[in-house]
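Note that chain A is present in both complexes that follow, paired respectively with chain B and with chain C.
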Partner chain A sequence: MNAVYAALNLIFIVLFAPLLDGIERKVKARLQSRQGPPLIQTWLDLLKLFRRPNVRPRESVRWLFEPAPAIALVSVLAASLFIPSLLPGSLDTWGDIIAFIYLSTLSAVAIALGAFSTGSPYAQIGSHREVSIIMAEEFSLAFIVAALAASSGGLSFSRLFPLQLKVSTITGALAFAVMAYVAGARIPFDVAEAEPEIVEGPFIEFSGKGLGMLKLSIYVKRLLLTTILLNFFLPQDGTVRVLVYVIGLVIISVVYASIEAHYGRFRTKDAARFLKRFAIVGILSWILGVVGW
Partner chain B sequence: MEVIFLFIVIILSVASFIGVFSRSAILTKLVNALSALGSLTIAYAGIVGLKESVELNITLLHLKSDSIINAFSTLTLKVDPLSGFFMIILGILGFCTSVYGIAYLDMYKGDKRLYAFNYPLFLLFMFLVLVSWNLLWFVVFWELMTLFSQFLVAFERNEKTLIATLKYFCMTKAAADFMLIAIVLVLITISGGGDYDILSSQLVNYFRSHPLEMYLVSAGFMIGLGVKAALVPFHVWLPDAYVEAPSNVSSLLSGAMEKMPVYMMFRFFLSFTPLTPNIGLLIALFGTLTLFFGTMYALKQTDSKRLLAYHSVGQIGYVVFALGAGIYLLSKGYTTFGALALMASLFHALNHAFFKGLLFLTAGSILYRTGSRDLDHLGGLARFMPITAFAALIGSLSIAGMPPFNGFVSKWMIYVSTLPTPTLVSLFGALALFISAVTTASFVKYFTSIFVRPPAKEITVKEVPVSMWASQLILAVLCVIFGVYPALPLEAISKAVDSVGVTTPSITVFPGLIVSDGIGNIAPLALLVFSGALTAVLLAIFPYKISLPVWTTGTRRSLAMRLPASSYYASFEEEFEDVYSWGEWCVCTTKRLWDATKAVLSNFEEVSFDLDKMMTGAWLMLLILLTILGGVLL
Partner chain C sequence: MVFDILKGCKILEHNDKMTVAEVGASNIREIARALFERGYYYSSGMGVDERPINGRFAMYHIFNCDTEGRYVVLKITSPEGSPEVPSITPVIKGAEWSEREAMDMLGIVFSGHPKPERLILPDDWPEGVYPLRKDFPYNKKLPPSKPIEKEREHKKDVMEIPLGPYHPSLHEPEYFELYVKGDKVVDAEYRGFHIHRGMEKLAESRMTINQIPFLAERICGICGCTHSAAYCQAVEDAAGIYVPERAQYIRTIMLEVERIHSHLLWFGVVCHLLGFDSGFMHIWRAREYIMDIAELITGNRKTYGINIVGGVRRDITEDKKEKTLKLLDMVEKESREVLDNIAEMKELRERMEGVGVLPKKEAREIGVVGPMARSSGIDTDVRRDHPYAAYKDLDFKVPVYKEGDVFARFLVRYEEIFESFNMIRQALENMPPGELINDEYEIPPFKLGIGVTEAPRGENIHAVITWGENMIYRWHPRAATYNNLPAVPIMLRGNDVADAPLIIASIDPCFSCTDHVSIIDSESGKILWRGPLKEGVRRV
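Moving on, here comes the complex of A and B:
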């Protein structure tokens, strides 16, 4: 039964993630006094990409470049199997929050290695930045995970969803909300892609279906991060969950998009500094958790 | 079992004997082949030892006196599951490095007797360190192991290697081992015998009533072993020694010899001393500092072997941290978490031997073909050396802890056993989780700057000979197998943990790892099957048919732009500058101390540049040491 739920969740995530990006694009456009594309624009973009052929740069290392987009996408999809999303059931023995963190790092590493293998200087710069940001992110995230784990006594999602309401878990979850924003590579933390600056960095040599998969992997990753955040508070069963979950996704996306609309890009150094300082929130909630609040 | 032991001792001694006369390349190859055979036998003996403890008493002298020198009169060798487990590590890694050495040693022109004589003895004494069942004999074998490894570091006989050797010698032998000997003598005097059985029955009771002695002895023992395990701040000798040794020896030093102190820590802190929270916490703190500083410094390196050497410091930090956390949690009453942390520690020790052994071998292969260790200079080798590149990729992903490789499982076990506990080790665990990302970054750098980034100047080389890539592939395959099927090593590990008197928790190990009650769960095999199948499908339905040149901003010339290896994570390093400035401060302090000692040592140094005199000198010192030991005790 759980396998069926997981499959349905997977389909939902793949279908809904680009739509959520469409909503965000609309919100950002409106906030910047633009008309904005239709809600399904992201889907249309992806469909167009998937109709185009794959192109491999002649100088690239074939066995690294070709599987990179697929691995990047598949590793986040694998994570979506064990996180309850639309339907409460999932293959919950397949992974816990540590597995999720490592799978999403694997996705980023696959992109970085594929990008490096082309030898393009833009891809190199973008990949350096991507990995630097991951390190800084992990510095904050590690303490938040420790705080949540210490106050709820486990790392698996059956323990963490929903959180017992304590001061430490609430601050931890709120800090996680910030990390979900950062890890989603949203402005001002999109230093790796940085379209106007280094022409999408790691993605520069990917095209067609490969690029489509990479884009989709980012949308799925964003959706998963928001899902984990919502699951911290949502009840794990009942029909009301489905409705609250979808509405919650949209609301959080709108909030994130409206933050995004007001910022420019950080420099890598500034992003790292923000994340380094933000760790203090994680440490504080860890202390609260250990004290038992 | 006697036959197996005898076979190991004889075959390695014979190999070493042949080594003395090995002026020709063929004989050096023979020495390596014999060492490989000996290593395989060690692994076999380890597997036998896991099933049943085997004890072997050899009477050497007939002494009537009842002093402690009696300990020397019999040599008790015993394999129990704990030493059996470490023997498997030693055996498998030793086999791979020996096979690798068959072709690798061709790289060095000139006299290779120094290698051929010392290498089998180094293996032999590591084996004897593991099987000796008496603390006094342990120290003797430990000394001999250090001695022979030291000559292997000095193999190239140039100024750099000799300085590295001297540093290694001064720190481990002159400083730490004397401490170790002192402590061992104290322990033997307290308990009235060096036998491990006597020690574990006597010492625990004694220490219960004498806490001050316990803390002093533990601190001394920890430092004595910690220098060898290269715990921060005693790691200074390690980067130089590992870099200068031939690569297969570096691999063995890092993969196997670094595990010997871990083995003794397991024995000492779990069987010989009562479990004490303070000691556990201190060990865990030691481990955390080691993993943090070791890896943060590794991030900055631009020499391939130096980068790996600093990571050896970092990864041994994970092992020691998990051990300390285990002791702490067990003594605080968190039995499941504690036992799990101990299992994680052993598992990470095993995994580290394989992936770091593998990575040192790949660095050696690069050195073999290009003669360079400079990450700034190398590049684009994946096209010429695909097998080495593939093996290095697996090694890099394993050490980075990416699923489904073995590093993922053992790191996960470390997090699961520490993060959910409401204690200080949970905070240490968070640092370990952060450092894991730094490790990932560091190995993205290692892999890409050697294998895929365009080189500064075009390098055209061939793939390494079969004996070299085959041993790399063996280790790479083991990394995958232990990652997707952790039930196999975990069975051995739970036996080893049981044998030091800790009950292992019942955790599900197949098909996925589940620690009950929602503490944590992963299923690497299921993840691999799902991801592998889906990736294969995606690659099949979206094939790559067109290939075009890389976009070069519109010009016709190739951009061929590359950033130097030092600039990879420059902005991150700048932001975390504080870490490095603490480090600098520590370095300055040690440098002052070092300068003071150097004044004393400068006379000694002259002698040490002459290797033959050094070897004779070391033998003499060992003799004197043994005489003093005997004299004091008689």
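Moving on, here comes the complex of A and C:
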């Protein structure tokens, strides 16, 4: 039973993540008074990439560069198995929120390492930025997770989902919503890619299937972060949940996309400064959680 | 008065617009220095091969003084049989590029030049071949050369980042080399002129006086009209051609339409570079209306083809005037809405304030023009200081800011476009009736003329030497970006890498203007693809 659930969840996530990006593109286009691409455009882009060969720069370190896209994709897909998405969680006894965060960070680190190995100056700067953002992000995330754990009495998903309604859990979940936005590398936090500045940074040397996998891993990561956020509030069983879950994904995506359309890109140091200040929200909700509010 | 400085020089020409003086090798540096101290800045330099006439090479240094409203041209000729003249770069920093250009194109040797390296010609161009000399046929093909593999010196303790030749934020092939420590730019170098089209040679060799305006218009895809207007004014200045007043008003209207369209384009690009794509899209939507105005008046959305020596080619009728005014209101309303929003966005302002500062002193030494100069505290505007077309009859303000950063440049352009809306309305209102073109003129032989326009990016100056017989002996267009680009390395130093594209874009660079160029594969005769259009598009 668990294996069937896991397979179904995986298929849903892989199929739906690019579609969600398509919806975001459409929303942004409408906000910019454009027609926008069709909803399945992101899927078409990915299929095109998967049909093309990989090209490896001569100067790159082969054993770092070649497996990087696969590691990035596999780690987010593995993380997806822990949390209930379309169907109840399949492997939730094997991992908790810490494991989830480590796996999703691993995907970012794999991209950064693969990019570092190419020797391209743009990739170097991009990876450098990616790592700075991860550092700043982890600092805030640690307190937010600690706050949620303190008020729910555990780190496992069975305890976290759904959250009990307390002041600390609500502030924690809201702070998590912001972190989901940041970790999804959306404007103004997409400093690592920043096409007009450093030409897609870490992705500059990747092509074909590799680039396709990297892009897919980002879409999956965005969907998973939203999934966790929704799970904080949704009931764990019932058929209504499936419907509400899918609608919730779309609504949060639309909200995120419209926020994205209203901002310009930060500089790396501004983004890091924002995240460090934001950690205060995490610390406060942690204190609230410890006090028992 | 300028005659105090030019004491002892032979005055070749003097009228209320310009003074031409022949200067000797012994005192040119002193005179140039004295002019600079008197408030004249280096505007342009034109090398001329005058050997068919007097057996010498000549260099025309054109200085602009906005307070006196006058151009001073220092002409220096080389001794007979030798191409050597003294360089003025040691005293006038702004002359560096013009002298290097004359070195490349004509083989004039500037003794004492601090950096006598190639500027325009590629590194693999054969030695001793000078394309702008009169004995070099315009259609000559050079034997294919091998690319030179130079061992590059690497700077210590810094990382080199190539910004270009193909970079998504430059939109044209141009190369900036940034030396970076951490996230800070410590030094920058520039190498351009990848896309030189040889327009001057083409015009001098096989085009007639009235064909060149259409070539001049193609110098730039954004501000072509100001180039053709400047060229026409140069010829009209040289030959003393009367231009009907109605034509002058129509020229003014089109120049201002072009300014609005170019500035709106710039605002959009800046938004895109700041990652704010919504702003980019909304501004370009407002820009559509101004393109509609251009189409209404000239029949073309860009590259209007309206100017011709002696007048303009199309009239603005009563009906068109009304439609234009209606469209104008729409552009003004929409662009004000979007731009006000952008100026109030805190995080966008933070990225522009204090970034890419150009101090006034350096700006003056390099001779930067247009919004660049005005944002660094230099009060200059060709439209006001050297009135041309109908600008003397119009009432407008020239915005000047002291900060010299990207945000000051933003504000200068912001105020400028709203001035332009008023200017178009005034011009449409006061346009006198009458002729559109005066085609009864004679072109005198071997006469110097200067035409200047204030392009959206700054002062464009076209110098022309006539040949009589419907031909041009020498045509030297100089676009505003040519004067503004040398300031970019100064502005980049000490800023973040993240800000580099923004700083480069803040001068509103127009590389192809600077190079007098464009890259079309069909021009080289090389066919990239033959087959169905649909498939070809996909392949390219």
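Heads up, the rule we're going with is that the second predicted complex is superposed on the first by the 292 of 293 C-alpha atoms of A that agree within 3 Å, B and C clash if a C-alpha of one lies under 4 Å from a C-alpha of the other, contacts with A are read in each partner's own complex, and residues count from 1 in each chain.
Keep in mind that, in the parts below, contacts are C-beta pairs under 8 Å (C-beta built on N, C-alpha and C of every residue); 3 or more make two chains touch, one makes a residue touch a chain.
Quick caveat: nothing in here was measured; it's all calculated off a predicted structure.
Student: Which of the two partners, first being chain B and second being chain C, lies in contact with A:Asn2: first, second, both, or neither?
Tutor: In the superposition, A:Asn2 touches no partner, neither chain B nor chain C.
Student: Is A:Pro121 touching anything from chain B or chain C once the two structures are fitted on A? First, second, both or neither.
Tutor: After superposition on chain A, A:Pro121 lies in contact with both partners, chain B and chain C.
Student: Just chain B (first), just chain C (second), both, or neither: which does A:Phe139 touch?
Tutor: Touch partner of A:Phe139: chain B, not chain C.
Student: Just chain B (first), just chain C (second), both, or neither: which does A:Gln41 touch?
Tutor: neither
Student: Tell me which partner A:Arg267 touches in the superposition: chain B (first), chain C (second), both or neither.
Tutor: both
Student: Go through chain A and flag every residue that touches chain B in one model and chain C in the other.
Tutor: Touching chain B in the first complex and chain C in the second, residues 121, 124-125, 128, 267-269 of chain A appear in both lists.
Student: Using the touch definition from the top, list the residues of chain A that touch chain B in their complex.
Tutor: 53-64, 66-67, 70-71, 73-75, 77-78, 81, 91-96, 98-99, 101-103, 105-106, 109, 112-113, 116-121, 124-125, 127-129, 131-132, 134-139, 141-143, 145-146, 149-156, 158-159, 204-205, 209-210, 213, 267-269, 272-273, 276, 282-283, 286, 289-290, 292
Student: Under the stated contact criterion, what part of chain A meets chain C in this complex?
Tutor: Interface residues on chain A, with respect to chain C: 28, 31-34, 121-122, 124-125, 128, 187-188, 190-191, 194-199, 261-270.
Student: Which residues of chain B touch chain A once you look at their complex with the stated criterion?
Tutor: For chain B paired with chain A, touching residues are 380, 382-383, 386, 389-390, 393, 397, 400-403, 408, 412, 415-416, 419-423, 426-427, 429-431, 433-434, 436-438, 440-441, 444, 447-448, 451-454, 512, 514, 517-523, 526-527, 530-531, 534-535, 538-539, 542-551, 559-563, 567-569, 571-572, 574-576.
Student: Going by the contact rule at the top, pick out the chain C residues touching chain A in the complex.
Tutor: Per the stated touch rule, the residues are 159-162, 167-169, 180, 183, 271-282, 285, 345, 347-348, 350-351, 496-501.
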